[in-house]
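Note that the chains are named A, B, C and D in the order they appear, and that numbering of residues resets to 1 at the start of each chain.
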Amino acid sequence: MELDSLYQEVILDHYKKPHNKGLPVGEIQVHHVNPNCGDEITLSLSIKDGVVEDLIWDGVGCSISQASASIMSDLVNGKSVAQAGVALREFTELMQSKGNISGDEEVLEDAIALAGVSKFPARVKCALLSWMAFKDAAIQNGAEI
Amino acid sequence: MNPPFDVAAIKSDFPIFEEKMRGGKRLVFLDSGATSQKPWAVINAERDFYTKHNAAVHRGSYYLAEQASAAYEGARQSVADFLSVDSDEVIFTKSATEGLNLLATSFERSAGQLGIRAGDEIVVSELEHHANLLPWQQLAKRTGAVLKWFSMNLDGSLDLTNIDEVITEKTKVVAITHQSNVLGSVPDLPPIIAAAHAVGARFVLDACQSIPHMPVDVRAMGVDFLTFSGHKAAGPTGIGVVWGRAELLNQMEPYLYGGSMIESVTMTDSTWAAIPRRFEAGVPNMAQAVGLEAALKYLSNIGLPNIHSWEMTLTEYALRGLQEIEGVRVLGPQSMQARGGVISFVVDGLHPHDVGQVMDQYGVAVRTGHHCAWPLIRKLGVVGTTRASFYLYNDLSDVDVLLESVIGARDYFRKR
Amino acid sequence: MNPPFDVAAIKSDFPIFEEKMRGGKRLVFLDSGATSQKPWAVINAERDFYTKHNAAVHRGSYYLAEQASAAYEGARQSVADFLSVDSDEVIFTKSATEGLNLLATSFERSAGQLGIRAGDEIVVSELEHHANLLPWQQLAKRTGAVLKWFSMNLDGSLDLTNIDEVITEKTKVVAITHQSNVLGSVPDLPPIIAAAHAVGARFVLDACQSIPHMPVDVRAMGVDFLTFSGHKAAGPTGIGVVWGRAELLNQMEPYLYGGSMIESVTMTDSTWAAIPRRFEAGVPNMAQAVGLEAALKYLSNIGLPNIHSWEMTLTEYALRGLQEIEGVRVLGPQSMQARGGVISFVVDGLHPHDVGQVMDQYGVAVRTGHHCAWPLIRKLGVVGTTRASFYLYNDLSDVDVLLESVIGARDYFRKR
Amino acid sequence: MELDSLYQEVILDHYKKPHNKGLPVGEIQVHHVNPNCGDEITLSLSIKDGVVEDLIWDGVGCSISQASASIMSDLVNGKSVAQAGVALREFTELMQSKGNISGDEEVLEDAIALAGVSKFPARVKCALLSWMAFKDAAIQNGAEI
């Protein structure tokens, strides 16, 4: 069933048990909303010696947006800004691919499970919400990403 | 449960039902609350305008311009006939949204009794679509007027216990929906309209969810203004209607400024044409007006009472079905009392987006989310709902697929 | 005088030319300055949207809603490509008139540098169509800003000798047409744009009469905002475009309030979505956006430089012909310098209405009167003009009939 | 030629030599404009013992609007308000008839020459402009018309 390509096991796992979800505590917090559907995310992080640390997020939304936030938080926490930037760009490209690329597992790790989202245009924004919040927070923390 | 008209024949008037959805499924369109599908009669009316009569109305004395003007003014007359009002009172807009902004801004600009000033009060309700909340909210902010509102009860009705506090001597405008686009509930308007008029306030009806679906007698209701969108009434996109009582419109200031709405113009000053032209600046959406005319004639031929009764049949069947599904909770009115053909529900533990996504696999088109009514959604204490809305082309088998797909959605996530 | 494309083939793309006018005459359509005719490509694009993809955009995650969103956003991208700008900068309106009102009102509501306040100055010209005069005139009245303008010379050019007095440190907005819709004259904009930018003012281009007819490089011109109507560009009625520089639009307040333009909403407060959505409240004119896309692709396929050069050929032929008719006086530019495909003229002793009425008997569709530009008409010292305007579907024989009909009009009243 | 039914001899005569055209002098003057085409009329009259008198008008416009004003001024000057009202209603009906009626010459006199206008919808307002101005002026002079 086409649906299973969207709702991969990994996604539902992250949805049911999201990682790094809790009250964002950093000084700089960003709040992003998907006005179409009302999905919301709040996120904080810090950047020490060019490394992303302490990324914590909270939010409400569909399985895709929640799983994507959880996966993203695992992926970028502890990575250098440069590495996180590569993942961010690769993930964005994957989402906009309309199902034409499958993503580099080396770079994206669990996030390649979200590849199926790109075939459902209305859900792409759900998957990207947390990544955009991450990007925004990194920039506000002075990173060039 | 026999339909008062031949639903299969109706369905075949709407070409979109020949399209295949994801996985080759047939289209079960249950999102007419957002926008309706269009019959050939409407599509062909627009085409005929372009192929036979197209020219700028009111601006030329050549043959085609006469044809175009006759088509456009004929459309206005048809809308007036549909509403049983005078054609001068019918203003074409691009949408209900524009219509409500037109009214709010025109009140702001108008002099005397109709003007809205600091300290005046504007009344809406928690049921409102953003289109009937934001223009008033922002008008209040700009002018220093005070925005007040009726609260919603959890059954989707309005709490009128404090009506005397909500509508006061300071109230200038009361703007309320005829039917909630989220819950389908129909608020008890007569006491509100009476209270508004008792203090000399104007009543604006957001008729987006009623005009396409049921007979509405605007004169008998006693409303002062009304607005709706063509695209929800089997008509084209890009057309809406404002109706207002002539004696009020005549005193009101224009919304859009430009060609065809003036009486005279100098570099520094201008005077305005009579209604309805005063409110229709520029070359109008002529083809869309003609398309809307075709839509209203199409609906009238079938009969609004018939359409409404069939929608009620579908709604009752769907409501019962949904209420029986374990894990599904219908929001708003639980009975057929004071409701129209719109049902919102949630599935335990599931986000509406995920519900809608699975339903899509069944060919079912429903809307999910906040439905442009955030205050109402917050009041319900949910993150959003899944909404099914019915129209004349739906049949009982559409409802069967709806129910099947909701169960499918519930089970899809349960078993994983 | 050979056309750069097959005009007969083009004509056959436009079904209206099969219609018969009064007395069985063929249609000689010379009123494209008011509205253009539509090719099948446009009519069919709208039909295909309704029959295959119709659903509310941005509001559903079902298959049809995806299709509709892709069609609508694809149309936006096509307009952006046509203008060589970013798609976020393209806002769909119902018309240029709405676009100009949107800009004026948005300036009024915006904070800081972009806001218009008492004492600020707004600059227009005597060439303007009412649509690019009244929104600014009324904005000035509402806010206490001062409206200033460039005078028109009798040849249809603007008098720039006092440019330093017209554009000053107080100027906030300069809004001028790319081409006069009455005389066809093209004002000398570069010095005006430079002067506007030198004092930090924004330049708004009314591109209604240029975008459909010639290549326009908005980035090279350095304008800040631009607006045009689809219906004058072979597109549907009910659609227009505002383009604006993103960094400015991002700071500006919305015009229409309602669904789909918000970020979050409570009963008392709201925040706005990013551009372009911030400026597009409500279910948009989706089918018309798709129709406009088809129109712009149609024009691009033929090539705007080709269209322009052919219009110039027609205009030169018509201009010479009219200038040679005894008793006829061409107004505005007498040569092909700085002009587009629009010619206004008067016939000695005859009112334009009477001239146009006789021309109609020849199947000729021209506009007569003040062309929504009363200040310009007064400046010319006439009661109105007869105006012929050309487009890609016109050929030299259309001009021949034009000339014949003008002589016919003159003689009809002379001999009686 | 269809055109001749519009531009009757009588119309062109009135157009070339309009009657009762001059500077309106009465206390109550009305000014009407046809916003479509810019035609304008200024008109004054007085009503004495129920009779329309001293109707004078001035204006600019096409042959139809000018001829119609001239014909109307001849027709109503010196008539009782009641008779003028009958003519006004009959003329309005004639204009809206789309060529289906030809008008009563007893009532309308020269104005029946304007019957052809009703086949040209864009010109109906030209013909009616002065009549509406007359109506307005009569009402402002206290007449019930």
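The rule is simple: contacts are C-beta pairs under 8 Å (C-beta built on N, C-alpha and C of every residue); 3 or more make two chains touch, one makes a residue touch a chain.
Predicted, not measured: the structure shown is a model, and the values here were computed from it.
**Q** Which chains, if any, touch chain C and chain D both?
**A** Chains that touch both chain C and chain D, as defined above, are B.
**Q** Where the contacts of chain B and chain C overlap, which chains show up?
**A** In this structure, the chains that contact chain C and also chain B are A, D.
**Q** Any chance you could check whether A-B or B-D wins on number of contacting C-beta pairs?
**A** Between the chain pairs A-B and B-D, A-B carries more contacts.
**Q** Averaging over Cα atoms per chain, report the distance between chain A and chain B in Å.
**A** 37
**Q** Counting only Cα atoms for the centres, state how far chain A is from chain C in Å.
**A** Using C-alpha averages as centres, the distance is 44 Å.
**Q** In angstrom, rounded to a whole number, how far apart do the mean CA points of chain A and chain D lie?
**A** Result: the chain centres lie 76 Å from each other.
**Q** When you check chain B against every other chain, which residues touch at least two of them?
**A** Within chain B, residues 22, 59-62, 65, 260, 262, 264, 353, 357, 368-369, 374 contact more than one other chain.
**Q** Where in chain A do residues touch two or more other chains at once?
**A** Answer for chain A, listing residues that touch two or more other chains: 36, 120, 123.
**Q** Using the touch rule from the top, collect the residues of chain C that touch chain B in their complex.
**A** 15-16, 19, 21-22, 27, 29, 31, 34-35, 37-38, 42-43, 46-47, 50-52, 54-56, 59-65, 94-98, 100-101, 109, 126, 129-131, 133-135, 137-138, 142, 147, 149, 229, 231, 236-239, 255-260, 262, 264-270, 281-288, 353, 356-357, 359-360, 363-369, 372, 374-375, 378
**Q** Per the contact definition, I'd like the list of chain D residues that touch chain C in the complex.
**A** 1-3, 6-7, 9, 12, 36-38, 60-64, 120, 123, 126
**Q** Taking the touch rule as given, give the residues of chain C at its contact with chain A in the complex, in rising order.
**A** Spelled out, the residues of chain C in touch with chain A are 58-62, 65-66, 69-70, 260, 262-264, 273, 277.
**Q** Could you list, by residue number, the parts of chain C that touch chain D in their complex?
**A** It is residues 22-23, 351-354, 357-358, 361, 368-370, 374, 377, 383-384, 412-413, 416 of chain C that touch chain D.
**Q** Contact residues on chain A for chain C in the complex?
**A** Interface residues on chain A, with respect to chain C: 33, 35-36, 120-123.
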